[in-house]
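Below you will find the structure I want to go over with you.
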Amino acid sequence: MNSIVFLIVIPLIAAFLSLFLGKNDKILAYIVTLFNIIFSILILFSGKIPFNVAIGGWRAPYGINYAVTDLTIFFLVLVNVAALLALTSVREIMEYQFYSFYFVLLSSTNGIVLTGDLFNFFLFIELSTFAVAGLISYKRDRLSTGAALKYLILSSTASIFSLAAIGLIYKTLGTLNFADIANKVNNLNEASLSLILILYISSLLVELKIFPFNMWVVKAYEASKTSVNLFIHGMLGTAGIYGVLRILLMVFSKETGKLTLSGNLSSILMLFAFVTVIIGEIGALTEKNMKKILAFSSMAQLGIVLFGISLGSFDALKGVLYIVISNYLAKFVMFLTVNEFSKVSGSTNYLDMKGLGRRYPVLAISFTISALSLMGIPFFAGFWGKISIIGNAVFSGKLELIGAVLILIASVIEGVYYLRISHTFFSQGHEREGRISRVYCLLPMILALVILFIGINPDSFENIISILLDEIKSPEKYIKLILSLK
Amino acid sequence: MIEILRVFLFGFFAIFIGLFFMGIGRKIIARIQLRLGPPFYQAFLDVGKLFSRKSITHNFVMDLGMVMSLAGLVATMLFVPIAGHTAIKTSSNLIVIMYLMAIGYLGMAMAVAASGNPNATIGVSRALTMMLGYEVPFFTVMLGLIIINGTSSLELIANSQAGSILNWNMIKFPLGFIAAEIALQAMMGEKPFDAMIAPAEIASGPMVELSGKYLGLAFLTHAVSIFVETAIIVNLFMGGASNIFTFVLKQFEIYLITVIIEAVFPRFKIEQAVKFLWTVPMSIALLQLVLIVF
Amino acid sequence: MAQLFILSSISLLFIGLFGVLTRKNIVKILIALNIMETGINLLLVAFGYVENGIVPILTSNESIMNLTKMVDPVPQALVLTSIVIGLGTTAFSLALAIRYRYNHNSLSIRASEEEEGVNI
Amino acid sequence: MVEIFIIPLVTAFLLAIFIRNKKVVWPLFLISNLYILLKLWTLFGKWEIEKTIYTNYELFGAKLSFTLSNNPLGWYFAFFSAVITLVISVFSLGFNQKTKENVAPIWMLIIFSNLGIFFAADWITFFMMWELMGWTSFFAITNGRDKALNEAKYYLVLSLLGASSMLIGIILLGALTGSFEIFASAYGLVQVFYSEKALSIAAIMLLLFAFFIKSAIFPFYMWPSKVYAVGPEDYITFMSSVMIKYGIYPIAMFIVPVVGSLDLPKILNTANWIQYFVGYLGAISAVLGTILAIFQTDMKKLFAYSSVANMGYILLGFASMNIVGFEGALFHAVNHMVLKAAIFLTLAAVIFRTGESEMHKLGGLVYRMPITFLTFLLGIIAAAGIPPLNGFGSKWMIIQALMSQKMIIFAIAMIFASTGAFMYLFRALASIFLGQLPDRFKDIKEVPLTMLIPMIIMMIGMLLIGVVPGVVMKPLTTALRAVGYNVNIASWTSLEGALKNSTIDLTLVFLIFLGGFVISAIMYILGNKSETVPQEDNYTGGEYPEEWGVNADRFNYSYSFYQPFKEMFEPLLEKISIDEFFASIGRNFEYMSATVQGLFRRGEGAVLLFSIGVLLLILGGWII
């Protein structure tokens, strides 16, 4: 399966091609994205998973390798589907810069998910920040330029830290391969492991929008186009979550598949997590701009994800995956809805969208379903995540208990502002000129139905999750897969 | 059939006794105030006169309300054991009696409020406030007796005091009796607790728009309420009685106290009255209750 | 010797960080970032440094014997890559800085602080 | 069993599709409710019916399953709430002809969750239904109207807070007892209570917190007054009669059996501290609800506080931990359902005709809406707990139980509250229906037939339950027997008290009252004739003010009805304002929100904060 490289290479080639194709870029984008989706789905059903591809024939610890496991393919599909879904929100004609950066982002997010090498991972992260900054600044106005620049400065600083961590790892373990690190991580003493993790995590946390590393989020979301928001959310965010899962739980993990940090470090991480949740929700409470609200909210959701991860139990991890999928779907619905509504109302302020829910009930109901799912209300996908995380947090210790309570309070705040928005949609508004085509209502509806389906019938998703959890539970399989001396 | 007859008998008996008390009460007050006063049968004459006069009504609520008010009091009266007899065999439950009495007051309040006169409504609002004032200490006293006897049947409480005068709750629980007496004063709407009628301020309050037979019905209601209230006290504190004559005599003693107090006291403002009722009799009653329960 | 490298690289790192934190001018911030990057690159190279080491090239069969003396080539490869990345980032940032100058009439990073415009 | 859950869902879906067509929506709503009621009727006695859905979702190492079972107590609540719902849905048929918004689909979802709450056999199902009810009622209250948003938000926050606390409580319970099934966990909790005291109490308290919020018990007594004042009137009727009982049912179902089986030390030989805790909250709710109701000028708010007081009575019944008190509390739950539905239907009718809910702007409506007045009159007589209507029996039972348990403070609080009830109930009666009819309401008519029929039904219902309490008590005692309480099946007419010789026959009370009525009527008839005269004639001293060019002054004494009384309580109420406390929490969150937004609006602190974050990690995680 050496052809797995196509997932990364073809978008990169397309990035070059897009410079010359002009108006045909859109078609190219669809073709390449569809190719990526179909290819990853083909891999999913090829039955060859898990497998390992050594690039250039160099065997694993020495060369760079791409490994495809259940976890990888899950996130691969998510990332590529996100790319396609986000592309559908691109209506106007974009210039080549947009598509070029998009292809780079597609390539790099695929790379983040596929790679089995720490430095390679770092490279792809760098590439993706580069692409995202480009996409943010695409609008070329005051706001977007400032936001992009600030994002770029922040992520460059962060990447320098992670580069230092890579250097340290190489110095101490003499290897940069995930599997090899995982194999040897027990040789590391506590202090070096902690330092390496601190330096590495802090750059990951920037992508994960964890406070205090997330100053870029709101500005970037506000400044960019909806499609770019979706790229950041669906591709970068999802890939970031994959990175955290893989690196924290399977690479730098002394105990099988658990977050093993020295006591204080994990506590601080947890602190960061629930502070993020609180800050995100509180920030959104009185906000009027829908994009900012969604930015704050996705911050909070990723805080819950990190909280679940840092709990260090598989049940909580299951909850995390539910939250991930619920957030993934819900934010798509919301951004798409906001996109349509803001086009009709001419503003992103939700108060201007008054009454649109009566004219387009499908969109508004989909929005409400997503909001409820994010709040963790039963009958929606988010509930299964929330109950699992809270349930495990309650008995884990004092800090965890406080975190659980804070998260519950945060979800109350979330309920207030989301349902207020839903209410505004359904309240009596004035007539408007613009119209929304029914076709555009279809996609949010389908995604909302998926949320509802998972919520009503968790079995449907539970099986997938148990496969993923099996992999996380036994990292030695991963090590064996990559390091197997054939 | 005999039951129906008893109901009528008891009802008219109560009305008669009540009117009789009222007449004597007026006489006594007059004597205290060094007046001659009307004859003791004046109340009967008044009622007769009122029922024979043509009267004014505003709507059917007034009729309904006045009838309801007398009906409620008469029904209450039928529950109260008189010298061990009740019109119909029931457990003469104290709580039932207290609540049944309320329907009479509600009917009266409704009728006078329907008249549309603000004075009447003010009177009702004062009366209801006063009701909250006296009901709480009165119930507290009752609660002590109920708990110590383990029953809320008025008949059983009365029977438990049989024998010598020393068995009377009045002797056994003097504090409770005092509190109940004060509450009774308010219950009957006599001075110093007559802010709801206050002829000088609100033109007799509830009665302001009543005329003819409506006023007559109000008179009768008052008569029956005097009967019921004194009967409750007699049953609670004076051991009931073995025959009707003694019973009425005891009732009269209670009424006499009320009338004498009425004759010599000025009027409380409504909030003063409620405050007084919630402080003095209430604390006495609570003290009694604590002594009983612990 | 290696200690010196590491020490100087770390000081470069902090100098750069100080610059990023305190400067307001975007170009200065970008320069400070580059200083940080240089520091890190130096650090990586220092990690692979071997006292009196030789070039890690297997010229002949005998050179296998000198394997322990050879400088580790991997950090150098890493540094090469990261320099390229850094170059790209800097170039892109500078391009953005030019745009920023156009939009804000200023290069101060605070120039965009107060903007609150809501547009699609 | 399953049909009654599928039907509401399907109906809700259909209603959502036909939402614009009022001629379809409300009849469909009615039919669906009728079906549910009939189905529930057939379920009586079939306590073994159960439906379980298994999932692969694991929590604490056990696979979750959702069970709905026809439990007797749940049936009791579900059935009577279905009766009320049906009556209200008839009312809605006429009431919603004018309204622009349409609450029916959401309402149907609430009815679904209503059934779910009453029939859930495990906590997870219960919780799911509970949450569903929470957010759907938010939408039902706002019903697309901006003026209702703040109040609905207040309700939503409390509702979500309650649900959160319940979630933790359920999780604690599940971990302690190893089961999410309600009965099993109750049994398990009693077993582990002594070894895991702190956690068990925490679980009970967390659950109680949620239940208290939903039933508007003391610290959370504010929401009914806010919500009822703004919600759509027909839905508010449902809310005030049925939905406020959601906290009562689980207390009866879970808390009371658990606390009753525990052998906790008694304080002063009367009751244990949980009883006192529940009882004091109930007593405070009853007293405070009454006092606040007395001062309201908005009729919906007035009756909202009256609901708070009634929930207080029910809680006092539970606190007595006496079988009579328990029965009384459950009986009162249904009585309150009936009488509150009757009262709120009349209020809805008044608002339907006048568009006014401030009592002092109304008056004299008895001339125009006599049937509504009669319903209201019977409703307030019932609410005041006066025989022979239905509120009396249950209140009497609760007081009996309190007296027999020597809970003197609670008994006094109860008497205070029910005497105070006369005050506010009469205020409403006098201000809305009595007094003088303002000129602008000269031309209003009685409400249409579809709205009259439900009111008449409610009148009959109140009288029926009041005179023949067995209508409710028989199913109740049957259900309690089926659950395992050792109770006698009640007779049709009489109620048993907790004290010696305290059985009362309510039919007899009614007959005696009739006797009194007859005597009184005889006196009335004996009197001379009366003449009906317009109010102004008396009032203006027989003059016609129109002759001298002015209109007759139509003054009703109703705005500051209990001013002297209010002045007594003013200092107390000013100092203790839970509402202000909650509001200040909300405001603080909003200030914080602005701060956070300001933080994120600035981009340039990003690297600084990043460095601080790394520093924190290094300091906390590495060095220390």
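For clarity, chains are labelled A, B, C and D in written order, and residue numbers in each chain start from 1.
By our rule, a residue touches a chain if its C-beta (ideal position, glycine included) is under 8 Å from a C-beta of that chain, and two chains touch if they have at least 3 such contacts.
Since we're looking at a predicted model, the values are computed, not measured.
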{"item": "Most heavily contacting chain pair (counted by C-beta pairs in contact)", "value": "B-D"}
{"item": "Per-chain Cα centre nearest the global Cα centre, belonging to chain", "value": "D"}
{"item": "Between chain B and chain C, centroid-to-centroid distance (C-alpha), Å", "value": "98"}
{"item": "Mean-CA-position distance for chain D and chain C (Å)", "value": "67"}
{"item": "Centre distance in Å when chain A and chain B are each reduced to the mean of their C-alpha atoms", "value": "78"}
{"item": "Chain centre separation in whole Å, for chain C relative to chain A (CA means)", "value": "27"}
{"item": "Of all residues in chain A, the ones touching two or more other chains", "value": "146-147, 150, 153, 157"}
{"item": "Of all residues in chain B, the ones touching two or more other chains", "value": "none"}
{"item": "Multi-chain contact residues (two or more partners), chain C", "value": "17, 20, 109, 112"}
{"item": "Category of the chain touch graph - line, ring, star, complete, other", "value": "other"}
{"item": "Pairs of chains, among all present, that meet the touch criterion", "value": "A-C, A-D, B-D, C-D"}
{"item": "Touching residues (chain side chain D, partner chain A) in the complex", "value": "16, 55-60, 100, 127-129, 131-132, 135, 138-139, 142, 144-146, 149, 152-153, 156-157, 160-161, 164-165, 167-168, 171-172, 174-175, 589-590, 592-594, 596-597, 599-607, 609-610, 612-614, 616-618, 620-622, 624"}
{"item": "Complex contacts: residues of chain D adjacent to chain C", "value": "601-604, 607-608, 611"}
{"item": "Chain D-touching residues of chain A, taken from the complex the two chains share", "value": "146-147, 150, 153-154, 157-158, 161, 191, 194-195, 198-199, 201-202, 205-206, 211-213, 215-219, 261-262, 264-265, 267-269, 272, 279, 282-287, 292, 296, 315, 318, 358, 361, 372, 375, 377-379, 383-384, 386-388, 390-391, 394-395, 404-405, 408-409, 411-413, 415-416, 419-420, 422-423, 426-428, 457-459, 462-463, 466"}
{"item": "Of chain C, residues touching chain A in the complex", "value": "13, 16-17, 20, 26, 29-30, 33, 36-37, 40, 43-44, 47-48, 74-75, 78, 81-82, 85, 88-89, 92-93, 96-97, 99-100, 103-104, 109, 111-112, 115, 117-120"}
{"item": "Chain B - residues contacting chain D, complex", "value": "4, 7-8, 11-12, 50-61, 63, 66-79, 87-88, 90-91, 93, 95-96, 99-100, 102-103, 105-106, 109-110, 113-118, 121-122, 124-126, 128-129, 131-132, 135-136, 139-140, 143, 146-147, 149-153, 156, 209, 212-214, 216-217, 220, 269-271, 274-275, 289, 293-294"}
